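A short write-up of the structure that comes next.
The letters A, B and C name the chains in turn, as written, and every chain counts its residues from 1.
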Amino acid sequence: MLDRKKFDELLAQLRALDCKDMYQNDFFLTWEKSDDELRAVWTVADLLRTLREGNVSAKVFDSGLGISLFRDNSTRTRFSFASACNLLGLEVQDLDEGKSQVAHGETVRETANMISFMADVIGIRDDMYIGKGNTYMHAVADAVQEGYQDGILEQRPTLVNLQCDIDHPTQCMADMAHIIHTFGGIENLKGKKVAMTWAYSPSYGKPLSVPQGVIGLFTRLGMDVVLAHPEGYEVMGEVEEVARANAEKSGGSFTKTHSMAEAFRDADIVYPKSWAPYAAMEKRTNLYGEGDFEGIQALERELLAQNAQHKDWTCSEELMATTKDGKALYLHCLPADITGVSCEAGEVDASVFDRYRDPLYKEASYKPYVIAAMILLAKFQDPAAVLEQLANRDQKRQMEV
Amino acid sequence: MLDRKKFDELLAQLRALDCKDMYQNDFFLTWEKSDDELRAVWTVADLLRTLREGNVSAKVFDSGLGISLFRDNSTRTRFSFASACNLLGLEVQDLDEGKSQVAHGETVRETANMISFMADVIGIRDDMYIGKGNTYMHAVADAVQEGYQDGILEQRPTLVNLQCDIDHPTQCMADMAHIIHTFGGIENLKGKKVAMTWAYSPSYGKPLSVPQGVIGLFTRLGMDVVLAHPEGYEVMGEVEEVARANAEKSGGSFTKTHSMAEAFRDADIVYPKSWAPYAAMEKRTNLYGEGDFEGIQALERELLAQNAQHKDWTCSEELMATTKDGKALYLHCLPADITGVSCEAGEVDASVFDRYRDPLYKEASYKPYVIAAMILLAKFQDPAAVLEQLANRDQKRQMEV
Amino acid sequence: MLDRKKFDELLAQLRALDCKDMYQNDFFLTWEKSDDELRAVWTVADLLRTLREGNVSAKVFDSGLGISLFRDNSTRTRFSFASACNLLGLEVQDLDEGKSQVAHGETVRETANMISFMADVIGIRDDMYIGKGNTYMHAVADAVQEGYQDGILEQRPTLVNLQCDIDHPTQCMADMAHIIHTFGGIENLKGKKVAMTWAYSPSYGKPLSVPQGVIGLFTRLGMDVVLAHPEGYEVMGEVEEVARANAEKSGGSFTKTHSMAEAFRDADIVYPKSWAPYAAMEKRTNLYGEGDFEGIQALERELLAQNAQHKDWTCSEELMATTKDGKALYLHCLPADITGVSCEAGEVDASVFDRYRDPLYKEASYKPYVIAAMILLAKFQDPAAVLEQLANRDQKRQMEV
């Protein structure tokens, strides 16, 4: 049964937020959204979760498609997107570029319109090449906006960034939803220390979008965000600028260090995760552009050797013991490289990971709701009224007898 | 909100048409359908579009599957079929022959029944081999018909030809829906000149189903249809016969020429598009049958060389200027080979294509509705009553508050 | 229109059965279920079929996902699962391990939770490696059970075994539904002779799950089950033990022979089908584990040579003539290797297969309903009440006017 008291409280919070510019808009980067808009996403996510936990349907669409385009492998984001679409009543249709004619010289503008005649949302993952993914998403969004204005499309599909070269907003918003719930509210986050740190992984070329997304978002909430990595593992400079500006505005801080130990010391939250150096990713992008596969292999060898010099960057029990009360909240976007489990030496000790397994899964469980919230906020002018109507309609998700 | 006046006018038109033989039947070739039946498809397509534009649900199925089988890559037809199924309430299930056991010696008859226990429609694209695609579709339709009669299947899935070796009916019916709307009604098409012409493309082996479908359909409506191509690029003789007979009956004409300029002169509508010679496609089919891959490569080289002799067959601004008032309606099934954009030299000048971009996208937008109309007409004995009930039911596609 | 009399009779039968332990449980092996539970599956399958034949919707879910994971090619089981999910209102989402990050070191436990945030059912086919498939399914089920108990998952997805290394319960339960209907009721099966026999096929390595599933299930119903195969084609010993114990309890019998003729003599039901020797499958599993591909090829040659010595093991007209009145019910899970049709020499004569085509397709048609019944019984505490409510709700599957 619906917890109507909790639902109505959340609804009141939503009504106090200004999210009108999200209507008929897209979600690319968290730092392009106002504080109210981010809060609206978390609040709508909680409202949708409350509905589902109360077995109340959140189907706001009777039909319609949710298009997904994954240019990189994915399990959790793929299923999160599918779950979000299904929750709202949209059927997922994958645009599999291998099966489509996209490779045969179709322009982005054309494809975007051709797949959107009955599409309400387009979710894209395009995170592999620096300077490409976000740009591509904007090209798609511009195309459907134009198609809508020109009367080609009967509805304006909203674009949801499911990970680009710059940000991974559905991940970081889910991470933060988890933090908010763990710490009992946004108001309790001020002054909390977050260690976003690089960690060793035997693999190569993990995207930068998570560390960038984290420093670009967590600095919004008055937290003390420390970015730690070995020399040479810099992230995108522009995003560091964003983080600095955010911290100044929010009353938090953004600092950098080359010491994992320093970052972990007294941290309330730790997010140890491997990534590839920005400069190397940029170089790789160029090598791909030139079709220089020998160059790519050489770069890969070089990066793996570079990684191997930093095997001590791992989230060990010893390091965890140095965090606030030895009990910092451990975060990861998953899958993690777990020492002795998925690899010989990796990002985290098995015992640390095991202790945080349930919270980690809970962290991931917010993503479908965050995505659904982004869609709902883009498709309805008065999301609070829609959610209230869902609660009043009280259509059961699973039949009750 | 539903434009009820427009809806009721269309409904009255539908009621005047005899489309009872479409019930429990399939859609293979336009020339197997009566004039009334074709008009019924366009009218139902308009009715469904009017419903959707008015945010009224067209879900006539509460559950059920739409099976798609694509034996060639596809973006727009795949998404059109998915959109049509979703609009009516059917969930798309792809029959991916790579993942299925079809290759392991299953007969068509068996597979057709095995996938159809809960299928209401089967959409097939099989356009690559002369003499094969349409034949295959009939085998599938015969199998499910028999399965239905024998009590194996609880419902008779309707087959929709999503492109075969002979016709591309969903494309050509969408093209014509676009023409009808552009010229303000079927009654205005008599005497209009249509140039269905070959055009140069640097690629090889494009299917013949579009030019064949166009001459087989457009000659039904009293238009003067000119088929133009270089010597050696003949289409299927049987379809030319169909076009001739159609023209005689409809009071239009069907002529052939080897001059693109002649075809374009004073044309009201132009459809410049590359295709492979019928004889070459037939030869290729045989080579595939024999597994003669060297022969196929030799044929490909030969055809590309042959194509290269006709680079002047392109829809240039100069040619467009010779059409009626210099403003013929430019059609293409997309994607087009655009000179200087998707290739060095192709089917059409970039400036021509750009000018017609919106109409081209609009042309494509009719396809989901055309497919949905074909399904609806095959699945309901009294389609007008069903549509009226949808309007009266007034279930919202997207929730309104 | 719903046959309400038949429906209510079936409902009364269901109410008399004890199936409360199926709630929130999984379906791995038929012999892990009580007689009442198996009868409940057949009865619910019949109830669901009666609803659908009466054009009454069986949608018990308004939204939710059905996850399918196929580690082997499949047509009919894939479509049966999709049909079952769709019938109940769940949208199928494939976990394609090629597209996912599963290969990148994810643990089963993690993946199982990550895909299940909005999943109500997980269907798995994993039949290729001895000792692996069933074990994997249990790992998945344990993981989601734990996730549910720990508050990670809001609902407990039920696991349906779509074929493992031990059993193929959805197939064998569908086979038996077909037998029950053919013989006019479970009560008529006592003393009927069933020949589950090996048959020659030019292919290699067909799974053992069907013969094992058949002897493990059919011996439950008081039938005289004969397992026949050439020397060296033994099935899993543990399952033979199960069959023996079943027969003793049910008052039937379980015997083995190396003579196909003996098995067929006076048989009421014959199930001639190829499979690989258990010992060879075990050896192959180990070779795969060791990555010994040369060893695998050698084994394959050896097995094909071994098979070739038993081409006389085929379901010929001559053998069929020796069955009860020459009219035994011929069963097959399909696709069959048909002599002169799909291969030179195979499991069955073309004329035999042709004569039984309709019954064979009917046999297959039970699978979607059997799967749907397994899901419904696992997801609802009072399935009879749910089904009654469906009948009373009388929501039309296809709109009626």
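One rule holds in what follows: a residue touches a chain if its C-beta (ideal position, glycine included) is under 8 Å from a C-beta of that chain, and two chains touch if they have at least 3 such contacts.
Computed from a predicted structure; not experimentally measured.
Counting the residue numbers that touch the partner chain, chain A and chain B have less than half of them in common. Rotation angle relating chain B to chain C: 120°, from a CA superposition, given to the nearest 5. The centroid of the Cα atoms in chain A and the matching centroid in chain B are 40 Å apart. Among the residues of chain A, those in touch with two or more other chains are 91. Within the complex, the chain B residues that touch chain A are 52-53, 57-59, 70, 73-76, 78-80, 82-83, 86-87, 89, 91-92, 203, 334-335, 337, 341-343, 358, 361-362, 364-365, 368, 395-399, 401.
For chain C in complex with chain A, the touching residues are 60-65, 91, 93, 95, 99-102, 104-107, 110-111, 113-115, 117-118, 120, 147, 150-155, 379-380, 382, 385-386, 389-390.
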